[in-house]
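In what follows, chain A forms one complex with chain B and a second complex with chain C.
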Partner chain A sequence: MNPLLSVRGLGISIGPANPVDSVSFDVNASEMLGIVGESGSGKSLTLRALLQLLPPHARTTGTATWQGRDLLAMPADDIRRVRGREVAVIYQEPMTALDPVLTIGLQITESLNVHLGLRGAAARVRAVQLLDRVGIPDAKRRLDNYPHEFSGGMRQRAMIAIALAAEPKLLLADEPTTALDVTIQDQILKLLLQLKEDLHMSVILVTHDLGIVAGTCDRVAVMYAGRIMESGPVYSVFRAPAHAYTLGLMRSVPNPAHARQLLSGISGTPPEPSHMPPGCRFAPRCGFATPQCSEAPPPLRECGPAHQTACIHADRIRQSVRVTA
Partner chain B sequence: MNILAILARRLLHIAATVVLVALLIFVLMHFLPGDPVMMLLGDRASDEQIANMRHRLGFDRSVVEQFWEFLKMTASLQFGESVSMKVPVISLIVDRLPITLMLTSMAVVLAVLIAAPLAFIAALRQGGIADAIIRVISQVSLSMPVFYIGLILLITLAAGLRWFPVGGIGENFFQNLYYLFLPALTLALSLSAILLRNLREALIEVLQADYVSFATAKGLMRHTVLGRHVLRNAWISTITLLGLHVGSLVGGAVITETVFAIPGVGRLMIDSIFARDYAVVQGLTMILAVMVSIVFLAVDALQALLDPRVSA
Partner chain C sequence: MSAVQEVAPREAAIAMAPGKRAPLKLGSSTLVGAVILLLFIACAAFPDAIAPYAPNKFDYRATLRPPSWAHPFGTDNFGRDVLSRTIWAARIDLQIAVFCTLFPAIFGTFVGCLIGYTGGAIDSVFRRIVDVVITIPFLVLVIAIVAVLGPGLTNMYIAVSAVNWIVYARLIRGEIIAQKRRDYAAAGQVMGYSASRILFRHLLPNALSPIVVYWMTDMALAILLGSSLGYLGLGAQPPTSEWGVLIGDAKNFMTTAWWMSIFPGIAIVIAGTGFSLLGDGLARLVRRR
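Moving on, here comes the complex of A and B:
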């Protein structure tokens, strides 16, 4: 089966910096792919690049094949028709992602309008159904509310309703729960899983939280300093990590419920996008590093069924997992 | 707080402003050098004549009494009689105010029409050549005095090219649109430079906002994103600024009306000051203060309409 979306060698440059470099991954139909990584690893840029939403001075290389066409090279009018209709996004902070001066109703109906041609009463009826679907009580009355009249969780539900108004096939969710309380996080994740089933939709879920990935995703890609370090089925990556960075991430999260203060287990800080180390970008912080690691960027290679790693010492990493386990 | 509460608060502000301005005018007039009685009667008036005039003008009563009288008169729009023109002040103002209102309204409209598109071009191509040119021009026009701009326009477009009349006003509304175009443009230029600068910054900030990216990500047309999401949010801060500058627009109108020989209240103000026609100056100052307060009120209302968070 062909993947729904196939990203190959995606690179992003903003001025002299290369915050994202040769990123490749696939998303299959009806699958939830997690992308995890520290702050600044390029997760948001990667998502935004797929819909040509980067700032104007950013440049992209590589391809992102969607229905036989390259999203990165689509003319403005074509990519506009993909946005929201075929591929939708939701952001981390619903308070800033919703327009503060327009009603929730208008922000839904304008999507219905542009993609489905629904107007007036028909659009309002549909908008009520959509708010209902994401679990907003008293949806009909809520239509005329402004974002600041909603609670944080309700705002996130509203943003999801808006994004999914035209029933896209792929949802790019950029840390949709990071700004929310833990209990509400759970509800929103359940909602996303539910909607993914109901709409036969695929989801790319960007998060800091390995616990969330373990609980919701089918596959995971671990990103560090703009590159994919390891990717594969969730059960395989978490049971047998084949990259020192993944291992570090897992060790620094003793309890998934406290995933917010992650990475205390890895010393040092990630490199600046303008001063990336040669070879493996994790080498300066890696306890397994050898001089060989800094010679050339290690490419992703198979290390198990559908499981890839960019670590040249994958075997040693796996051994150490077995020893400590 | 809802819109009504905001308006009620504003009305109170207006009342307070009126009393304060009245007090200020009263104090200033009282201590101004030059005796209006002497001005009116000349040096050779007899003591009796002087006493009579002082009584007629109420100068023989206590200061507090005079102020109370002044407040009462003000509230009922009775500003007395112009000593130089021998007509009630209020009828002078009623005569002259419409042309000034038209001039300043045209100036505001022109300023917005000039500033909005340029701000858009500059913000969308931030750091580009167009942006640089627009910023230099706005900087230059900001640093030029109103009367200087007026004279340049007068000499080039009116006297030189004869595209516009060099001054005065027409006989009806439509003629006035033509006669007042250059004066309004003069008045509009520095305001539009201020607006342009502010709107450009606001647009740049709004263009980077998450909700604009999200609106784009929904697949909306570019013009919908700009017109519905960007412009509206950017205007909110700029409208406040526009309201604040209406006060200085009144000051500009005084100069512009003088340069272009327009018989509005600005011109009336200047003439009355030189003639020491205190009653007219007082009445005008009061009326203008009230008008500016009303503009502030209108801006508040507009703000509340545009930004639902204000009335929340």
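Moving on, here comes the complex of A and C:
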């Protein structure tokens, strides 16, 4: 089966810096792909590049094939028709992403009007259904509320309702739960999973939270300094990480079973986008690094079923996991 | 339909109960402003019902009479009733307040929106124009334009409008620039909305409140400007009743018939105060949101 979206060799350069470099991944129909990485790893930039939402001075290379067309090379009018209709986005900031002077209902019907041509009573009926669908109680009355009358979780639900208005095939979720507290976070993620199943929609979930990925995604791509370090099915990547960075990330997450444990973390800081290391970009911070790592950027290679890594020492890393476990 | 019916009780409890909005408290000063303006609007709408005499009825047997029961504001050198003229003048002066500001507010807002949203070279050119215009005193510029076009109300409207829109455009430009950086503007773009939809349906309503507040102040300024030009003989032309014209007519009788100039002057002050109070109240209301 052909993937829904196929990104090949995506690179982003902003002036002399190239914060994203040769990123490739596929998204299949009805699949939830997680992209994890720390701040500045280029995960949000990658997402924005797909809909040509980068600032004008940013340059992109590579292709992103969607329905037989390259999203990155589409003329402005065409990409605008893709935005919101075929590919929708939800954001980290539900507090500010809604227009404060329009009611929630007007903002949903606006999306219905622009994308589906629905107006008047028909649009209102559909808007009630959408709010209902995203789990907002008493949807009919809530339609006439302003965003400031909604709590954070409800605003994110409303954002999702607006995004779903045009029945997109792909939803880009850029840290959708970061600004919410943990219980609401869980509800929103469950909602996304449910919607993915019901509407046969694919989701790219960008997050820095490994726990979220483990709990919701089918596949995961780990990004560091603008490159994909490792990608594969969630169970495989988490059970047998094949990249030193993935391992480091997993060891940075506190384990609730052990109180007052020492977190290993990853020493050092990510490289400046304008001064990337020549070989593996993680090598300067890597405990497994050898001189060979700094020679040339290691390509992604298979290291298991549908599991790819960009680490040349994958075997040694897997061994160390087995030893410590 | 297998909708997610997972009701979020905690969230619902946190959110404000729908339908209940905090009552709007405008304050007594705003109320005073509104009452003052309503009085003037009543004078402007029905001057013949309110004024005791016709504004231009000469009475040569009663010239330059001081205030009395028959003529509470006195009479002028032609025996015209100053009270009636002041009331009739409200019609012209409110007209000045509206006509001097309506076009600038609408046109300036429109242009300012486009400039603020587009930015870049257009914005740079606009900022230079603003710099030039604001270095020239407003009154001097308007007088210069009226001098070229010729005196009269219509030419005064044209002159003021030609200059005044810049103030509105500058105001809304800054607001739009601030609003377009906010997330909901980016969200509109992500939703595939057109630039004009984002600008006029989303950014403009969010940026509009300072314009409305300034508009009130500007109407007070317009009355002052209109009466200044009327006084100088460049605005409304005698025998039209207009507060500036009335004061202008009175200037030869300042020492002998103070009532001719004082009462129209008080009318200007009160009307200006009315607009200012209302503008302040609106500003407070807007800030609280």
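Here is the rule we use: the second predicted complex is superposed on the first by the 315 of 325 C-alpha atoms of A that agree within 3 Å, B and C clash if a C-alpha of one lies under 4 Å from a C-alpha of the other, contacts with A are read in each partner's own complex, and residues count from 1 in each chain.
Everything that follows uses one rule, which is that a contact is a pair of C-beta atoms (placed from the backbone, for glycine too) under 8 Å apart; a residue touches a chain by one contact, two chains touch by 3 or more.
Not measured: the values here are computed from a predicted model.
Undergrad: Clash or fit: how do chain B and chain C relate after the overlay on chain A?
TA: Chain B and chain C clash in the superposed model.
Undergrad: First (chain B), second (chain C), both or neither: which does A:I162 touch?
TA: both
Undergrad: Which partner chains sit in contact with A:A58 here, chain B, chain C, both or neither? Use first/second/both/neither.
TA: Neither partner.
Undergrad: Touching A:C217 in the superposition: chain B (first), chain C (second), both, neither?
TA: Neither partner.
Undergrad: For A:Y91 in the superposed arrangement: first (chain B), second (chain C), both or neither?
TA: both
Undergrad: Looking at the overlay, does A:V82 come into contact with chain B only (first), chain C only (second), both, or neither?
TA: A:V82: touches chain B and chain C.
Undergrad: May I ask you to decide whether A:P100 touches chain B, chain C, both, or neither, giving the answer as first, second, both or neither?
TA: Both partners, chain B and chain C.
Undergrad: Give one of first, second, both or neither to describe whether A:H115 is in contact with chain B, with chain C, with both, or with none.
TA: Both: A:H115 reaches chain B and chain C.
Undergrad: Using the superposition described at the top, determine whether chain B or chain C touches more residues of chain A.
TA: It is C that touches the greater number of chain A residues.
Undergrad: Give one of first, second, both or neither to describe whether A:V7 is in contact with chain B, with chain C, with both, or with none.
TA: Once the two structures are laid over each other on A, A:V7 reaches no partner at all.
Undergrad: In the combined picture, which part of chain C sits where chain B already is, 8-16, 26-34, 44-52 or 62-70?
TA: Stretch clashing with the third chain: 26-34.
Undergrad: Identify the residues of chain A that lie in both the chain B contact region and the chain C contact region.
TA: In chain A, positions 51, 53, 80-85, 88-89, 91, 93, 96-102, 110-111, 114-115, 149, 159, 162-163 sit in both the chain B and chain C interfaces.
Undergrad: Once bound in the complex, which stretches of chain C touch chain A?
TA: On the chain C side, the touching residues are 1-8, 10-12, 14-16, 18-19, 182-184, 186-194, 197, 201-202, 205-206.
Undergrad: Note which residues of chain A are touching chain C in the complex, please.
TA: So the residues of chain A in touch with chain C come to 51, 53, 80-85, 88-89, 91, 93, 96-102, 110-111, 114-115, 129, 132-135, 137-138, 141-142, 144-145, 149-151, 153-154, 157, 159, 162-163, 183-184, 187, 190-191, 194-195, 198.
Undergrad: Hey, which residues of chain A end up touching chain B in the complex?
TA: Touching chain B: residues 48, 51, 53, 55, 76, 80-85, 88-89, 91, 93, 96-102, 110-111, 114-115, 146, 148-149, 159, 162-163, 165-166 of chain A.
Undergrad: Across the complex, what residues on chain B touch chain A?
TA: Per the touch definition, chain B meets chain A at residues 208-211, 213-222, 224, 228-229, 232-233, 236, 306-309, 312.
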